[in-house]
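I have a structure here, written as structure tokens, and I will follow up with some questions on it.
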Amino acid sequence: MKISIIGATGYTGAELLRILASHPAAEVVYITSESQPGTAINDIYPHLIRFYEKALVSLADLDKIAAESEVIFIGLPHGHAMEVGRKATAINPKLKVIDLGADYRFKDHDVYEQWYKVAHTHREAEAVYGLTELNRSQIRDSSIIGNPGCYTTASILALAPLVQRQLLDLSSIIIDAKSGVSGAGRSLNLGSHFTEVFENVKAYNVAGHRHTPEIEAVLGELAGERLVVSFTPHLIPVARGILSTCYATLKAGVTPEAVDEAYTSSYGQEYFIRLLGRGGYPVTKNTRGTNFCDLGWHIDSRTGRVIAIAAIDNLVKGAAGQAVQNMNVMFNIEERTALEAAPLYP
Amino acid sequence: MKISIIGATGYTGAELLRILASHPAAEVVYITSESQPGTAINDIYPHLIRFYEKALVSLADLDKIAAESEVIFIGLPHGHAMEVGRKATAINPKLKVIDLGADYRFKDHDVYEQWYKVAHTHREAEAVYGLTELNRSQIRDSSIIGNPGCYTTASILALAPLVQRQLLDLSSIIIDAKSGVSGAGRSLNLGSHFTEVFENVKAYNVAGHRHTPEIEAVLGELAGERLVVSFTPHLIPVARGILSTCYATLKAGVTPEAVDEAYTSSYGQEYFIRLLGRGGYPVTKNTRGTNFCDLGWHIDSRTGRVIAIAAIDNLVKGAAGQAVQNMNVMFNIEERTALEAAPLYP
Amino acid sequence: MKISIIGATGYTGAELLRILASHPAAEVVYITSESQPGTAINDIYPHLIRFYEKALVSLADLDKIAAESEVIFIGLPHGHAMEVGRKATAINPKLKVIDLGADYRFKDHDVYEQWYKVAHTHREAEAVYGLTELNRSQIRDSSIIGNPGCYTTASILALAPLVQRQLLDLSSIIIDAKSGVSGAGRSLNLGSHFTEVFENVKAYNVAGHRHTPEIEAVLGELAGERLVVSFTPHLIPVARGILSTCYATLKAGVTPEAVDEAYTSSYGQEYFIRLLGRGGYPVTKNTRGTNFCDLGWHIDSRTGRVIAIAAIDNLVKGAAGQAVQNMNVMFNIEERTALEAAPLYP
Amino acid sequence: MKISIIGATGYTGAELLRILASHPAAEVVYITSESQPGTAINDIYPHLIRFYEKALVSLADLDKIAAESEVIFIGLPHGHAMEVGRKATAINPKLKVIDLGADYRFKDHDVYEQWYKVAHTHREAEAVYGLTELNRSQIRDSSIIGNPGCYTTASILALAPLVQRQLLDLSSIIIDAKSGVSGAGRSLNLGSHFTEVFENVKAYNVAGHRHTPEIEAVLGELAGERLVVSFTPHLIPVARGILSTCYATLKAGVTPEAVDEAYTSSYGQEYFIRLLGRGGYPVTKNTRGTNFCDLGWHIDSRTGRVIAIAAIDNLVKGAAGQAVQNMNVMFNIEERTALEAAPLYP
């Protein structure tokens, strides 16, 4: 598979390169950067010495890139990705596109435009939402993937089995998520400055984070009705990892066993979802560097709530890993390819 | 004021010593340890060189300690503190007791016994719950204080004004709290081992943490009715700091302005509560080393919820600082004494 | 004392404000910023709420600032500070100036110009190097202080007693220093980006760091001859703290006791230097938030070397704290004033 | 290859399991623990779910373990490993032994006994020191490997080319090393307690660390004469990583190019040594999770010294990774097998 990475100098791009380095069927043909074209990738990321010698090219060469690639991963800011997607698929209609941003995540483009404040310019794309475990068969037949957000992956995986089986009071869902700083990217800003983040924890974008409508759209579709959720992201002083703590009131009469059954029947056969069971405590570090999502759930009989907890590596299952998982599905390769290394613990 | 600290080698004890070192009216007369009696405190804590030369004594000397002290701070495990409290007040009836553990926190001893699994042996004590901003006048006249837990201080301060004014659906309260590791103390265990905590985040004691009934008791009293809450503590890789993110559904018709008004009228005159206002984002680091509780709140009009966020230093406002604040109140000293240093940022 | 802080929005400025908040004789009259004039300091640094309401002003008002101040602290980049110093002392000849940068640190302006690559424009200033413990009497009578660098403070304090007593082979001095990230300031750069620093350690500016000539100048003066040292700074993932590990070969016949005696006779009466003795292990955290320099030393009989280790808080003894210590000396105030709080541990 | 791991519950054991999980020729047959026999390894290390189901067995079964294994890795405290090595090779003379502790590292058993304070009980073992890049051909033919220490691996690799070519004044070598906490293992002690390590840095075992004689023995052999070095380990608040900063005086007339040439001719063909060149800055994070040793060197013309810097992951190249590298060599397998994943950055 000839692969190009559009916007390769961010952490997501670097993570794609890390993962693809161990993919036996992958050949990275172009990697692009508008800020540092001409620079060798391992000058920017010396950890990649021995893995890539390649120099970055500019998107000005999109014609060539699209023509010579079988699949492109896009790691550009929202608004820009759909432009590249539109042009690249026009150049090479057989090209597969996996966008790691938000442009192709929403079936309802109006919701996208409302939350992202830009016009959607590639509405005709038949994009599939790339949460592999939920949409595998559609992904297999698709050529454009909107790869899910990091928070959304963890949160949806924690709640989907319960929502799908109508076990929850849909108006009661609250998601309190904690993320490492790599999710904020490599661009400089005070909020990612070491001394500001260190020995600190904060909430941000309360009641306004853009992953909210993404969660709502997917869960709403599973539920068969519209729903709204409270979603609160927090920044904690780690580089990698998201822990999503999800609260919901169980419908009257739902037993703990019904909750267990929902998880095991949804995910019992899923390699990348590790069920720690009722009473289990996922921790982010156990997933570090891998595509696993660890899940545990708790029934609070005093309040009638279920508390479901998901842990992922935001750069892997929350971004580049799931993107490669989707690529494997799209190309009918063993889904675990390049995603089989054990977690880096401790 | 002649002060003794019972159980001085834990982090709470060390923090009391740090704070009292700058208290002009305080004289520390005894500090005790059963594990290392005879050792100089600054051999155990070299950061205290220049501040204390004193050697630790054993509780075997309680007669002398109680007789020669005007106030004792107790930093012992639950169950042990009330034994010391009972004996010490028998020896010296004028002694003031401030217990930093749970033994004196519950008016309803049955709740205590149910959650802490020990018989309460000092039921006749007329203890006051030491959340200073809520109970100041009672504290002034009391001689035994049950100093609040760290999580409870942050969580109650965030919710009290709204509960008290009947603005919330009381069945809807969810508290998602994040704590630094110092809250787990200095005793060795794998859960506080550096390599296990580092680049990691986890929930623990879901639906079973002992601060839950404490929060429920205080908020229930303010509400005038029993209530239950979901409380989930998380461990994050910082030494100090608690961030408590509190969710509740507003009663129909409650306006954002009514929420604002609740906070400003409850806390507008409180020195140690810094209101960051509606839309404000408290962060733990801004309170580091101080007795401040920073508060911000958000109205999510889509879901009808309020999200109130409190940040404290768990060892100060969540333990030793509030204990000294209470001592100041009990002795009619300016409440801020020894608690006036600015936060250590960054 | 009417105090102004020129360039107050960096970490050094914030630290000065933190320390001065507890200074009974200090009144901060102006704080300046060229990037954010008009903004309230506690909008930039919310941890300072309750301590300062003041808005930042521009250096355009230097006439007024200099005229209405008794002392100014300068926290500007090198090259700019001496311009302000020159103008401000011309406006107000009685003004005391404490510069936290390099402009006034060098007696030999040629060395300054060679390492800092700018012409020195205030050569006539009778500046004193503000390492308080070494130069106290000169500081008392001076009106312009070049406050020492963070690395230099730790390194010189560790080596001065031995150099002064001619105990070392002067050609053998190697200083390996480890610093927290706050030393790099609040300006955004990739080297201070959280995800780059976290779980990482690196050396930088090997054989070229600008604190090298400062160390050489001071030690050379103490030795009575020119000397060169190897100085290697490292960045470690902490916010505050410098540990300086200093190696030197002892001259033939120098006994361990002679080394001990050098330290105790130089520093035995110094409040801010805590001698942990031969075999002692200073750690940065024991000095966190304070003006202490903790010192320990080791004799390696196998190699004939002494290894002297100093720990400081780079923002306090390494910057703002020593600056206030110098101010106290200059104004004949008790030297510890505003510098008496115990370290924040853990 | 049938592999057993003796003492598998420490971090080194867990790291061996992580690495071997991706080794196509490896079959782990037994993993032992004396503290938790019978427990499943993924109950102790849940990150290993999907990779190992196996339960721990006791060394009481050594007969069976030795008989059914082709190679054993030993992760026991010094003194115990040689007992196991002696017995296991007696049971199965064809067994290969790779000890990750110190018991088989010293050719001169007297040096071992002097520094480790135990009698050597397996002096007849024909052990080879397993620093692969230096001893590859001997390792190939050996059956007992003393796998190098973490500090020693980094320090020797940094200095060996220069020592071997007689470029250094051998009396001038100083090694200042910084290590993450995983090097101290998973056993509980206050020195690895999160709150003690966090925002802290300290030196330890100055002039007495047991890796000192190991470095001296290997470098001395390369030099052809005895030498002593100053070695100072430091603990920094990261989980993984060692940075070793090595100082030495160049012999008169040694040019920078001669230094460059030493490194490139020694290591130019070594896959796991990445030369960053003269002026290069290795950082630990670039090696995280991998068997790489990154090397850079600097010439300080002012002092006549070379400063050579090595970065490794202490658990990989400093322990389990090099052990697997050695196993690959011993079994004539491609040396990189199971060691090819790219570093986990950021």
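Per-chain numbering from 1; labels A, B, C and D assigned in written order.
Throughout what follows, contacts are C-beta pairs under 8 Å (C-beta built on N, C-alpha and C of every residue); 3 or more make two chains touch, one makes a residue touch a chain.
Remember, predicted model here, so these are calculated numbers, not experimental data.
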item	value
Chain pair repeating A-B, as identified from B-C, A-C or C-D when over half of the contact pairs by residue number coincide	C-D
Pair exhibiting more inter-chain C-beta contacts, B-D or A-D	A-D
Interchain centroid distance [CA atoms averaged], chain C/chain D, Å	39
Approximate Å spacing (C-alpha centroids) for the pair chain B, chain D	46
Centre-to-centre distance between chain D and chain A (centres being mean Cα positions), rounded to whole Å	37
Touching two or more other chains - residue numbers and ranges from chain C	11, 180, 182, 195-196, 198-199, 237-240, 285, 288, 346
Footprint of chain C on chain A - complex, ascending	11, 180-182, 186, 188-190, 192-199, 237-239
Residues on chain B engaged by chain C in the complex (per definition of touch)	11, 14, 17-18, 21-22, 45-51, 182, 198-199, 239-240, 271, 274, 276, 285-289, 292, 294, 340-346
Complex contacts: residues of chain B adjacent to chain A	171, 174, 176, 178, 180, 195-196, 198-204, 206-207, 228-230, 232, 234, 236-241, 243, 245, 247, 281-285, 288, 298-303, 305, 307, 309, 311, 346
